[in-house]
């Protein structure tokens, strides 16, 4: 299949690599010449613009940093919608606000293009290993077309509803995740301060009503879970700056929908304060350090 | 076994019933004559005071509403410690602050009595069915003595460490639970406002990093989980006033330990605001109603 | 003086009226024909577009609902910058984000136009009475040109610094105001619940370290200040939806600047919750009602 | 007048000194022998117990660190109420919870003693200079008796209502103060991050609706007010640990009164986090440092 792949950053490049390995012919675009050269060596074709990449392809995939990039890559004069052939299935895998996802999809529909959103979770590790989760907002027909291709880059391909719902699912999940991680941090730090063994406490929580992924899989307290970022100085994993971005999308979407998200807003500010302290490059579970006395 | 059981309220009465059924001889004390009469019909002996109940028993169990009651039932002139024989294993199942648990246990130790704390979770339903979870703070020796008796009232008997750690485990878990439930409420309400199907959203969260008991077992959004209080008008379950009590214990213990619990404090206030609106009698998952437009 | 006045809503119309009264020749633009007709009767000229209004004027003033309108009124094909003569002093009185203020001003500078921002406080009452406060972000030279004209619509004309600082001053002040009002509400409601006379309490606060405008001038507790909205069912004044808008601008500007605003974010959410309860049309001091038991 | 003065710490000692200077005969009690010796040199009499001090006096004043001390100094076997003559006016100047103030006053009334509460503001500086503010909860008769004596230690003597209302006034004011200071910190830090001159911003706030004591008298931003603790490295002033104590009293009183205080609870936690970072010894306005990038 001839696939346009636009946006070859930390996530996009390994995703494109997996599609090349799977035997597809990729038409690539990015501003970074180095990564283009690398992927060309693996067999990819370099395009001069998103327009050209889209014009030469049967499927379009984009993976960009933020909503402004999505708007320009699709809507600019040399953008995807200027080149894409009517009927070409198109999907944006960026994490952006649902409204932009819907707006750009509407512009695509005006050109006869069915465009969905499919933000991912799983990080750069999952992108390299091809084990990402894709949360897909698309018509049933488009989803059926996209699913086998997305499967070559991920493990779970979830259909969330119409266009925009992929983004909604992701920001709602991450809103909860950002809150849960702070909740676990407070519970663990309080238990520690009051004198219970933290491994014992985690064990009780994990078999009780406080049970959650942030505790049983990714516990922020060092010494509780060997495979969690807490065990390696909060390196790797899901950076606090990325959590901050997603909480920003969630609270902004909430604002537009006139929907209060009280703990979500506090969580955003606490990660922001962590970032201000210069800790934004760490895994987001390092939020727990703000609850512990420095040694 | 001759067991003193003091405190026969909504939780204590069914717990005592299970011990009578299991063949123990109970020496009962409570201020409520009606419940005493009921349990006497089942074979329990009515004592004139905590002192008398304790004096006539090989094991002492108490189940009281709050720390002030624990102090008076143990330390008053006609209290447990005035009558109990040295060496009698003793356990308080009330949910109170860890410091009081330790203080009273220390007073007990001065009389040669090894006293632990064992707050429960599982509610009145679990108390009746004998399926409570006991979080036990006790010496290894005392735990070994208590475990078989607690097993006759509960399913999970967890040893948390020395005296006080039972309370610590409970308030830390419930601190997290109180936060998680609000986190799930915000995520579900935001998703709903943005236009995703709430069952689909819950499904995605439950297989992703937002996964938690508050979402996958007790989801506050009506129509998501048939067995949750949300499906029956937020009746039954774990009342918001009880959650408020536990969050009060958690934040007060945190204050004494000079430990910040930011989301925990906000959560406490939000349940307090719910109570002020006259909704404190509902299940705590009804906190979600504050995030929805009234029909 | 020939002045273009674009945006004749609840604020813009009375402001324009005051300029006509002061003897200026106004070139008016708005989408609302009724208000145009009204102002034409007073002597204003109706223009076909912002471009035309600007082209015919020696000074341009705009007063619009939000950033998107500012962008389009200035940057569109028939916008201000398409018509304005180089060297024409220009000022936007809308309340918008500082970044948009700077962006549009930069676009104006590229056309040889010095454009400042001058958001107001004082509400529709102040607009009608000509007693507004203008917070002006502008070069010293532009400020000197604008000040006498703004004086004809307002009482206090404050120079805050370069372009954008007018917006910054306004959102920082209102961030604090939104927080203070909730702080006063909590203090008054707590005092009332604990049993102190609320007038006495307000008196003590007002001569002590809690003293603030939200307490001594605009106290939200009914019966404390006769001239405050609390004395007339929270009608009139500064609507909660407007406070919500300003807190949205503040937290969004904070997000872009990577600056935490913890209480500010909570305040925003609490006004959002008030709005969800259907109370957004009331004065923002009605936030206190969420802290009182309904009668 | 013969006055019992019990509790001679950082506040009590200078207050007692002012009464000695004013010509009163003081009967002193404290556990600290050094301060007793110092005050004895100035003419005070050392008593063996609170009971003895009270027994020998026409007026009783106490100034103690916390509620537990107030209870023991009044209610113990050798406490004030064991010695005081019926009819002796009595006042406790400690800052404690209103309920304890009422409880101890009730115990005093049972001995025929009219006891009020009169917590102070003004710090150790005000205690030395005799410029304290006293917030007095007392019967009208008792207030009339106390006022001239309190005037010898303070400048403003405010009658707040019946016993307990002095404490209520103080904690409500300080709840608001704790919130306002954070509000000002966030507003100043945001303005600074966005690029407005902080002195200009403070000036605008101080003549606008954000105006408050925390901004116009005690602004936390260095360089804005020369006499504020911010100008001297946050030394002197009102320590963050004391603010933390008062917010603890406020939120605990709110909990008992079933009254939500959302921003108040967040404020308490933020000062707690400041304390955890080892900054609790600084003036409370140093909370602003958590909003600034470290140099």
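Things worth noting here:
Order of writing sets the chain letters: A, B, C and D. Residues in each chain are counted from 1.
Everything that follows uses one rule, which is that contacts are C-beta pairs under 8 Å (C-beta built on N, C-alpha and C of every residue); 3 or more make two chains touch, one makes a residue touch a chain.
The shown structure was predicted, so the numbers you read here are calculated from the model rather than taken from an experiment.
Over half of the residue numbers found at the subunit A and subunit D interface occur in both copies, marking it as a same-residue contact.
The greatest centre-to-centre distance from subunit C, using averaged C-alpha positions, is reached by B. Averaged C-alpha coordinates give centres for subunit C and subunit D that are 39 Å from one another. In terms of their C-alpha centroids, the spacing between subunit A and subunit D amounts to 51 Å.
Remark: subunit A and subunit C have CA centroids separated by 37 Å (rounded to whole angstrom).
Annotation for subunit A: residues 254, 258-262, 266, 270, 273, 276, 291 touch two or more other chains. Viewed as a contact network, the protein chains are fully connected, with every chain touching every other. Interface residues of subunit A, counted against subunit D in their complex, comprise 266, 273, 276-278, 290-294. Every residue of subunit B that touches subunit D in the complex is listed here, in rising order: 248, 251-252, 254-255, 258-262, 265-266, 268-270, 272-273, 275-276. Residues of subunit D touching subunit C in their complex: 98, 121, 133, 135, 156, 158, 160-161, 164-165, 168-169, 171-177, 179-180, 182-184, 186-191, 193-197, 200-201, 204-205, 207-215, 218, 250, 253-254, 257-264, 266-267, 270, 291.
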